[in-house]
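What follows is subunit A paired twice: with subunit B in the first complex and subunit C in the second.
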Partner chain A sequence: MMKLAILFYILLLAPGTREGLESVMVLHMFLQLPLLILVGILLHGNRDWRFLEKWNENGVAGMLLAVGVLIFWMLPRSLDDALTEIGIEVWKFVSLPLLGFLWRNSWRKIVGIFKSFLYINFLSMFGLLAWLYLGTPVQICNNYLINEQQIVGAVYLSIVLVSILYLLYLVFVRGLEEEAI
Partner chain B sequence: MMKNWCNRIAITVSIILVVWMWFIGTDGFTAFTAETARKNNLIEAKPKFPEVILEDSKERTYTMESFRGKNVLITFVYTACTTVCPELERNFAEVYQSIPASYIGEEIVFLTISFDPERDDPKTLENYQQYFQSDGETWRMARIPDQLQLKSLLDAFGVIVIPDEYDGFSHNSAFYFVNKLGYLENVLDYTDIKAASEYVVGRLEREI
Partner chain C sequence: MVHNRLIRNYLIIGGTVILLMMGFGILMLLAQGGVLSLSPPSFYQYMTIHGTGMIGAAALAASAVMWYFLSQHVTLSKNIFKANLVLFLTGLVLVIIGVFSFDYASAWTFLYPLPTLSAKAWGTVGALLYLFGMLIIGIGFLLLFIDTGRAIIKKKGSLAKGLGWDVIAGKKAEKDAPEPAIIAGTMVAIVNVTALIAGATVIMMNIIHTVNPSFTFDPLLAKNLTFAFGHVFANSIIYMSVIVVYELLAKYTNRPWKANKVFLIAWSMSTIFTLMIYTHHMLMDSVMPKWMLIIGQVFSYANGLPVLIVTAYGALMIVYKSGIKWDMASGLAFLSMFGWTVGVVPAIIDATIVVNHVMHNTKWVPGHFHMYMGLGAVVMIFAFMYYLAKVDGGLKVTKLDWIAFFSYIVTMAAVSIQFLVSGALSTPRRWATHIPEWMGPALFGGIAGVFLVIATTLFIVHFVRYILQRNVKRNDLYDEKLV
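Moving on to the complex of A and B:
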């Protein structure tokens, strides 16, 4: 797992893949960023990470940091700055694997109410971003074309719609089945 | 008990880190897009309008020196643009009309600069003027024929122009207020006509 994570990371860092993914907004947002998060998840693997039992006992600390990093990368500005400022670009390659790592470590520890909160939070946040990117006639990211940001908006919207369908399925199909038993 | 404390410390540190990260990333919660950050930086840096040669719709050539002693309000467009530019110029026209007539041409000149010199020759610019009732004198439209000079201006004023696949450009838009000495003094939101016009009128009144 760990070797796979490192291999993945090197692959993403390679100039060819890095520039290729960053040249298209939708790949930057929905391929490079998630893959970097995946690196963190793989790095965590199934190991115990003993010290985190103490420092991330109920998962709240890790989750807060992970969500904070995620929201940071949802700001339109961050994506732009990663292209023009080397510091932000480095931060991207550090913070996103960290996010994945913390997420993996915290998700099974946090309690149900926190999970529901996260679901609702992300649903509304993605919805807001979809509306922002699809609705505006103005270029939000200076380094990308307007039609690219519309594609990103469409992807956000699809994520929201699929999530809503999944939630409905959980509640009305699975939930009712369980009640019947 | 010990575990509990570690957990609490970790939560506090997490919150601090997150707030700090957001604070740094948005220049203290003032700029959530690169465009706002760019405007804030420009207003702080007040760059000088570079010495470039403009060619206007009446085929006259001059530099910004000829506007010395007058404020200039500037927009950047290309005439083949069908999306943002017409809106930008319509709003520009409304600002123009909202300025008291005694100031027009005396205290302030309006200037539309094309960043597409190949297509926007004086003839094309003259046609374009008619859509917005620009008189070509107190509201001029001009191109910068020399590509290098054009680039130096766009860089200095942070105008980002990216060619798109339909032979057009993607670009950021604003009203640029250049003062009597030729320095950029403010970058105004082109969608808020009222605020832009109030700023300009207030600024001119202060100077008299």
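Moving on to the complex of A and C:
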């Protein structure tokens, strides 16, 4: 797992891949960022990581940090700055794998209700971002055109709709397993 | 013993806030009636705190009713219940500071872009305090309703089974139908989680717009989301409170209130309709898609009926020839059926598109919700408070309580009817200043309101007496006591 994560990370760092993914807003937001998170998840794997046991015992601290990082990268400004400021770009390649790592470590520890809360909270957050990217008449990012931000908005909206359908399936059909939502 | 101190805290906070908010209501009516000099900015601040406080406090107390009875059937988290109270109080403090220290006065509907565009009546800080306050209150309730939904799913398998769809489909016998408290809890969890998702989205959008007004949003979508939150959340109060009617009358008459197929279908219909009918707030928005407005009208008619009919009819049947011994709790529970029934009538009339165009911006609408909430939902909460004081504390009522009971009926009806009369006179709502022709009903309502406050104070005093009781062996297990 760890080898795969490192390989993935190197691949994402490679100039060709990096520039290719960052040149299109929707790829930047919905491919590069999730893949960097995936690197962190793979890096974590199924190990226990004892150094995290003490301060992330119930998963709340790790999850709060992970959500904070995630919110930062949802902001259009962050995406824009990553393209123009090397410091932010470096922060992206550090923070997102860290997010994935913390997420993987915390998810299995936090109690069910907070999983449900996070899931439902993301519905409203993604809904808001869909609205923001789709609805605002101004160009939000300097580096991406309005039509690109509208595609990002449409993807956000699609994620919300699919997530709602999945939630309905869970609560009405499949029922609740402690780890499910 | 299900009952604990937390329930009492919820109820006393909810009841006291309702009482205080009545005070602001009286001040507004007296100002509109021309006998009190109140500056327009103060009037709108009072209107904002009155609406926010009433809905928030009623929802808080109603959630205690639901939690109390539902926790007898499923395992609810006490920590989440406690967290909701803490978050509610935190949010309330922010709202109060925003309104009274920073002059925020957009009404509780905080309709976009009003929080930002106030013509300098209030500033950014006031708007942010109010909006963040609402967001925090919403987070508390969201946790509570997620917990409710999860607990029901754990017990029953799914929310569909919580609504008894397996019984409706014939897979299970009627005798195995879920208890009314579970059915109502399921309905409320579904509609309120949906409402709070919509609410969080639109509140965050308002916050972004307040911080950076160059981010503009579609006002029509904002209004849709605002009422998808506000209407549904306010509506759910009665669906939480009504559980006391099912539980209390069943215990008093010693006849179980069993859910049958008709009951289950009615609750399922109300679950769906409650989510759809907020569009009756949009009937004056001519740019709305026509089909949505038709939905608003048709389903508003439909939603007024299913649960109300099965509950009101059920209440009559369960009491009929039961030999019930009436007391304050059962009297209030029965009164609430009447209040609910008459309270929906003005709403159904207003949900008719052609009527709505004339009546919606008049005091007809406050007439509806004062009757519906004041004689329906809030009365259910008072019924529960008397029920608890009786079964848990063994506290006896006095003649004063009965005087308060009848005074409450007369004065709450008077307050509601003066709004309806004002509406019929085409008096606009949400206007700080009235011309002389509009003042009569408002003044009448203000005076009636004073007596209403006295009656409500007596209800609250009774509950405080119960809380302050010492050396009483508490036991709220009614059945055990009966044995």
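A few notes on this one:
Heads up, the rule we're going with is that the second predicted complex is superposed on the first by the 175 of 181 C-alpha atoms of A that agree within 3 Å, B and C clash if a C-alpha of one lies under 4 Å from a C-alpha of the other, contacts with A are read in each partner's own complex, and residues count from 1 in each chain.
Operating definition for what follows: a contact is a pair of C-beta atoms (placed from the backbone, for glycine too) under 8 Å apart; a residue touches a chain by one contact, two chains touch by 3 or more.
Since this is a predicted model, take the numbers as computed values, not measurements.
In the overlay built on the shared chain, the residue A:Val138 is in contact with subunit B and with subunit C.
By the touch criterion stated above, A:Lys54 is placed in contact with subunit B alone, subunit C being left untouched.
Once the two complexes are laid over each other on the shared chain, residue contacts for A:Gly127 go to subunit C alone; subunit B is not touched. Subunit A is touched at more residues by one of its partners, and among subunit B and subunit C that partner is B. Judged by the touch definition given at the top, the superposed model places A:Phe117 against subunit C, while subunit B stays out of reach. Of the two partner chains, neither subunit B nor subunit C is touched by A:Phe8. In the superposed pair of complexes, A:Val171 makes contact with subunit C only, with no contact to subunit B.
Shared-chain residue A:Phe30: touches no atom of subunit B or subunit C. Applying the stated touch rule to the two superposed structures, the overlap between the subunit B and subunit C interfaces on subunit A comprises residues 137-138. Those residues of subunit B that touch subunit A in the complex are listed here as 2-4, 6-7, 9-11, 13-15, 17-18, 21-22, 25-26, 31-38, 83-84, 87, 160, 162, 164, 170-173, 191. Of all the residues in subunit A, the ones that touch subunit B in their complex are 53-58, 60-62, 64-65, 67-69, 71-72, 75-78, 80-81, 84, 88, 95, 137-147. By the touch criterion stated above, subunit C contacts subunit A in their complex at residues 77, 80, 142-143, 146-147, 149-150, 153-154, 157-160, 193, 197-198, 200-201, 204-205, 208, 214-218, 221. Per the touch definition, subunit A reaches subunit C in the complex via residues 112-113, 116-117, 120-121, 123-125, 127-128, 131-132, 135-138, 171-176.
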